[in-house]
């Protein structure tokens, strides 16, 4: 799949970093496809954060509104990127610890990677009081038909 | 308050970074006082993470057990640090959006900083559909007696 | 306000980092709108700096000239970004410590944030031998009409 | 020299970081002009790597194929950049430790920087059991005609 | 296994970063147990590198000599750390691509993790022209007796 | 020279990063030998700063007072480090652009590095409107007797 999206970015050097977690929730609610942060050094040697948001083109103004309302930013920049996504599907695998969702990705027609959902593995490790690696091993065995 | 604690550290260059969130939960359950991560570059130019855990001295072996069981680490180092903590208390402030817990810190006998709890501010911003800065402003007014 | 600008970037892995401070001064003199640095890892695992400069389109060649003359870079890349800026104005607030400039930003017609100038706060903290937080508190009281 | 190239990027938060070194070799074999990594923080606070590849436009699909086959990435974004390169030539300088290649860069017609090849300096330091700074000093003397 | 070691550290803000790779080779030759680098910001906002070396106590002066001779550092600090290592052994596993060394670690008497050597996996991926993930999957199957 | 000093550290995740520049000035006024900052990730995925201060042992409480009064920190940790410093002296070199101070360091009795003061080079580059590399080249020629 190919798509045209925007990267919306702003450099923030004057905000309490506790707020990022809240701001990210608001950005995802406003339709952000992804959000990430990079540590940068701004002028006067200030340690700062570059906040980057990936968004559909038509949704850009909603994203900008959250940035302006919830952060200290007074300037936002954006640029278009072409996105290539692998096609994916999701299936359930039965393990001795319960069902786990596995995401399978395709390159053309061919399966190229399979991966159990992290949140499922985390839940199972907790419920069964085993290490998370044991969970991954058990599930990878099932995926690989062992 | 003064206390002697351990910093327990390990450098990890061969683990799926999704797992850190789970590992941190396990470390706090095992009694960690704080956990933080630093991006480092290890040999062969590998981007890696230094995982640092602050712990009471008597609790160190529980922390080490989590690190060995849940991460790919095969070596842990630790060193003692002297910790100085401000004394603190917590009080409730009534605002038009509801009650907020405020943490007050003392240097000697003197109030040196006051700070509303972030989780309270976040909850109020969501419930009232206002920006989180409005919440902080409202609460700071109350703290400062405006 | 909307504007089209360039991000000019170069990755530097073979320069004495002391020089960045001088180079940034030269870039701002040459008309840079902003300059920031990001720690990156280049090939062979080298710790390096990505130097990023935001510039008006018509001013790009002056910026490139500084980069080529003052750094070890032999290749520069650039791409266009669309910039959205909040409209702003500046006003003076009288405090017991003297006048402070406050920057007010507008989202549409509405005031969205107000912020005292950091350099004013820093100067006042030094002159009055008080903590910089006391200065911010005093000024925020004035801004908020307390 | 001016050229139009692509920056191909993907954010990776679920891969063993040991693999980057292998993946970079594959990317250079597939024609990458440059590869670099930036530490970022993705959603849920995950420490992650943004992998950036500079490539000729016509070669982009080979680069994307390596990324999809060798990493855990399921989505790649790309954007065009205009590249400006200084013209360069290489010459040999004779030193008491043997010949060293020096790269000279030109801004217009004028020599703007000269630099001995790092790999030559490294080899000479090892063979002669001297510090690498002594090697650089010796070679810089030759370049500057001392 | 428990051991007492030194962390030897220096902050470097005035050296060509190309040299780190050479310096690390010299440090390992001088007996360093591990070497890693952290991006830091020093005074005047300088982007710098904290170079950290883990070493046996008796070998510290050899390490310091390399740092003073090969870097621009004029000051080194060190502090003792207690190291806890898992006991390990190495075994060969036969796969359809050839033999692979696997490192097994023990917590007390119990196997706690097993891991194929990265350099073996890398070599096999190259020789067989398959993705490195296929190699890891094949070997993990063997380790897990599938 | 050998000396015993303290590293005083605190992790800060809730402070406006503009303030670091002011805080560093206050720390140096209070006798800090060096101050540096490291980007870290704290719990809940917060991007934060580890502030590190190197200080003489007897001066530690002055440093702690600045940290508690000027930052949002409510807990500080410290640990002792052994410092090894090269002996150094300073001399003036006459160049066609004016006098430059050069710092020479000794390993035992032997000169091991020489380095012009950055601030002198910066001033000369500005006054003479030449690139800072030209200044360094000119001065290095003088140091090396060319």
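Labels A, B, C, D, E and F are assigned to the chains in the order they are written; within every chain, residues are numbered from 1.
By our rule, a contact is a pair of C-beta atoms (placed from the backbone, for glycine too) under 8 Å apart; a residue touches a chain by one contact, two chains touch by 3 or more.
Nothing here was measured: the structure is a model prediction, and the numbers come from that model.
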Third chains touching both chain C and chain B: A, D, E, F
Rigid-body rotation angle, chain D and chain B, from Cα fit (steps of 5°): 180
Fraction-based call for chain D against chain A, same above half, different below: different
Chain B and chain F: spacing of chain centres that average the CA atoms, whole Å: 28
Separation of mean Cα positions, chain B and chain A [Å, integer]: 23
Distance between the centres, which are taken as Cα means, of chain F and chain A, whole angstrom: 38
For chain C, residues that touch 2 or more chains besides their own: 14, 18, 21, 37-39, 41, 44-48, 69, 79, 113, 118, 133
Chain contact graph, described as a line, ring, star, complete graph or other shape: complete
Chain D-facing residues of chain E, complex: 18-19, 21-23, 69-70, 118, 122, 125, 131-133
Contact footprint of chain A on chain F as seen in their complex: 13-18, 20-21, 37, 39, 44-49
Interfacial residue positions of chain D with respect to chain C in the complex: 5, 7, 21, 24, 28, 34-39, 54, 79-86, 88, 105, 107, 112-113, 115, 118
Contacting residues of chain A [partner chain E, same complex]: 41, 44-47, 113, 133, 137, 140-141, 144, 146
Contact footprint of chain D on chain C as seen in their complex: 9, 11, 14, 38-43, 45, 48, 50, 64-65, 68-69, 72, 74-79
